[in-house]
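Each of the next two complexes has chain A plus one other chain: chain B in the first, chain C in the second.
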Partner chain A sequence: MTLAAFALRLLSPAAPPEAPETWRQFRRTCLETLAPVLLVAAMIGSIATLMGHHAFLSLGTQAMIGSYAGLVALRELAPLLTGAMIAAKPGTALTAAIATMRASEQVAALEVMGVDPFRHLLGPRVLALVLAAPPLLVFADVAAILASYVTAVGALGVASSTYMADLTRFTGVRDLLCGMLKVVVFGGLAGLISAYQGYRAAGGPRGVSLAITRGMVRTTLAIVVANYLLSEAFYR
Partner chain B sequence: MEWRETLRALRLAGSPQALLPVVVMMATIGGIAALQGVWVLQMFGADRLLSGMLAQVTVRDMAPTMSALMLAAQIGTAFAGELGAMQVTEEEAALRAMGVDPVRFLVVPRVVALTVVAPIAAGLGAVAALGSGYLGAVFVHGASAGPFLAGLAAQISPAAVAEAIWKAGIFGFLCGLLSCFHGMRARGGAEGVGRAVNAAIVQSIVVVAAAEAALTTVLLRVQS
Partner chain C sequence: MIRTERLTKSFDRGAPVIADVSTRIERGMTTVILGPSGTGKSVFAKLCIGLLRPDSGAVFLNDVELSALSERELYKVREKVGMCFQDGALFDSLSVGENVAFPIRRHLALPETEIRRIVREKLDRVGLPDAAPLMPAELSGGMRKRVGIARAIALDPELVIFDEPTSGLDPVMADAIDQLILEMRGGGRTFLVISHDLESTVRIADRVGMLHEGRMLAMGHRREILASREPVIRQFFSRLDKATR
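Up next is the complex of A and B:
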């Protein structure tokens, strides 16, 4: 089955994902992914602020660090890292789960029993990744900006009022909404590619591991390229 | 040191299939940084600073972190999977029964390979990012080539290149260590291998981000 055929089968309106299972997977995805997303977002917010401050200073411009951090974090870094973390944690878990079920012929068993694996197994898991992306992004945004604020005001000695004024000057609700659209696309790509790689995995531990590697690399590349295209579309 | 195993691991980590994703990823990052950066800097009336900032951020920070993470995604997961599969199929136990030290024979070569390849990947990635940044700024945005290149050259000092190399080496080492650690700890069939690979990639991302945050903080403090 090609990726396109797989996607069509997944999106087919005749077999929508089962709601209770989707909800269960959604909750699990959010809870599992929250901690690493918060951790990495905070560190990236802090790094971006330090780097930006340093670059602005050494190049002799005014340090408008709040504007810089807000733009970079909300437009690019937070959506990218949320997408990457979805690919890394629930994405690889999805590939592993489907691949082991394929290897032990559990998927075939479902089909024999007349249970549609796309409706009950794959659909809910893929949809859960898409649905989990926006709430995770909210946490990433908050953590990144908070870390940036603490770094700028606490460590670099920027005045709190200056930082807040700079932050709100160039960044607004539109940036947050564009970020939401971005992560929904990233979640969809992560779900689709991870599920596909799991579905067509060869048997055995080696097959599972190969499927995870393929899924992770292809998802990351797809996310980075999609991010580039979406940034060009939104922020021209 | 097991030279033959190390060479095999190096050949996998340094293969075109492993390095191509790094280049593609860094090229898109360079493109975004140039095209979006122009708009951001124009708001401050500072678009002539674009190439200097691009060089600084790409060489010192983006190239080492992103290359290591891409290698963790591609080669780290493969190493964790390989070692995990050897664990659950008891191949590792068989090696040990034959008197082969699994750490020396399996772990050290893989960690060395990632440590060595990460700086090379970072170099390729930096070239790709700066190249696509140049294309974006000069051909799409219409900046003039001379000042752009001068700005680049001014920021790419030997110190910046050295920092990129040793940072990438540290990140590659950390990713290799985590991947092998989780691979060697895998238990319980194909499912266990899946869990090990998952843990390897997630922890690689978190640890590289933490190391980068710590190093950036220390380095900037030392420099200023």
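Up next is the complex of A and C:
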């Protein structure tokens, strides 16, 4: 089955994902991914502020650190890192689970029992990744901006009022919405590619590990390329 | 019950795993498909219930041609089929009880007390009355197979397929599985057993089909096959002769 045929079957309105299983997977994805998303977003927000501060200092425009950190975090880093974390944690878990279920004939067992694995197994897990992406991004945005603020104000001596004024002057709702759209696309790509690699896994434990590696690499590449294309479209 | 006509299946454009197989699985009987490992027995079983689509030829289950059905229609047809997979194929995230209850919850709108009663009854039937709260990871190979059988018969299907039910089991457990299959016979239920266990075949089969290199060399009553002069069949059964001599 090709990726296109897999995606078409996944999106078929005749077999919508089962709601209870989707909700269970959504909660699980949010809870399991929140901590790494918060940590990575905070670290990157802080590092971006430190790096930016040095560059702005040489130009004498260090007061603009708020807008710089806000734009970089909301437009690029938070969506990209949230997408990467979704690919890395629930994405690889999805590939591993489906590949293992294929290898141990659990997927075939579902089919024998008259249960559509796309409706019961794959659809809910892929949809959960898409649905979990926006709330995770909200947390990532907050963590990145908060860490940037603490770094700028606490460590670099930028005045709090200056930071906040600059941040709110150059960033807006559009940045939040564009980031949201990006991360929904990233969640969809992570879900689709991870599920596909798991579904086509063959050959026992080696096939499972190969599927996880392939899923992770291809999802990361797809997210980076999609991020570039979306940034071009939104901010050119 | 099942009729195949010139059934052929290959993978990745390789040599056919199943080649031109035309045969019948009779209703109400236990048919064992015998053959060496890698000869296409499991593929044949999966073709019989539409888990795999043939490259050419046709499969009729209760006179319905499976290759003409959509996936959704196939799910409906398979509600009358139970299958016990080689390693049980139990859902790792569900307890034994939930595994057995799974097909019941999916297809029957029954109260929880009734579902629990059926689960208890099926687990009793396979000799595991206290296994319901256990997780699949806590089970031995033989127990996994028995839970797989309990799940396969949960909806009292017309057709039950056993894929290598005794492989990898010690003789005592293999006997217990054979006994279980014998006890479950009757009531018009059809069993299709995929096996390379000769002793088990002699014990449980009404009819035997011999699959060799993707071709059905013979299909008939157990006595006819045991008496066959076909060299490949004779060679296959010579191990049994030596063992029983």
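We adopt the following convention: the second predicted complex is superposed on the first by the 231 of 236 C-alpha atoms of A that agree within 3 Å, B and C clash if a C-alpha of one lies under 4 Å from a C-alpha of the other, contacts with A are read in each partner's own complex, and residues count from 1 in each chain.
Following the convention adopted for this analysis, a contact is a pair of C-beta atoms (placed from the backbone, for glycine too) under 8 Å apart; a residue touches a chain by one contact, two chains touch by 3 or more.
Since the model is a prediction, treat every value here as computed from it, not as a measurement.
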Three-chain arrangement built on chain A, chain B and chain C clash or fit: fit
Partner chain in contact with A:Glu111 - chain B first, chain C second, else both or neither: second
Touching partner for A:Leu181 - first (chain B), second (chain C), both, neither: neither
Greater residue coverage of chain A in the superposed arrangement, chain B or chain C: B
Partner chain in contact with A:Ser46 - chain B first, chain C second, else both or neither: first
Chain B versus chain C as contact partner of A:Met85, first or second or both or neither: first
Chain B versus chain C as contact partner of A:Tyr68, first or second or both or neither: first
Which of chain B and chain C A:Leu11 touches, first, second, both or neither: neither
Angle at the Cα centre of chain A, taken between the Cα centres of chain B and chain C once the superposition is applied, in steps of 10 degrees: 100
Smallest separation in angstrom, by C-alpha atoms, between chain B and chain C in the superposition: 9
On chain A, the residue positions that both chain B and chain C contact, one per complex: 100, 104
Contact footprint of chain B on chain A as seen in their complex: 36, 39-40, 43-44, 46-47, 50-51, 54-55, 58-59, 61-62, 64, 67-68, 71-72, 75-76, 84-85, 88-89, 92-93, 95-97, 99-100, 103-104, 155, 170, 204-210, 212-213, 216-217, 220-221, 224-225, 227-228, 231-232, 235-236
Chain B to chain A touching residues, read off their complex: 21, 24-25, 28-29, 31-32, 35-36, 39-40, 43-44, 46, 49, 52-53, 56-57, 61, 69-70, 73-74, 77-78, 80-82, 84-85, 88-89, 189-191, 193-195, 197-198, 201-202, 205-206, 209-210, 212-213, 216-217, 220, 223-224
Chain A residues within the chain C interface of the complex: 14-15, 100, 104-106, 108-109, 111-116
Parts of chain C lying in touch with chain A, wherever the complex brings them together: 46, 49, 51, 71-72, 74-76, 78-79, 81-83, 85-87, 89-92, 102-103, 106-107, 151
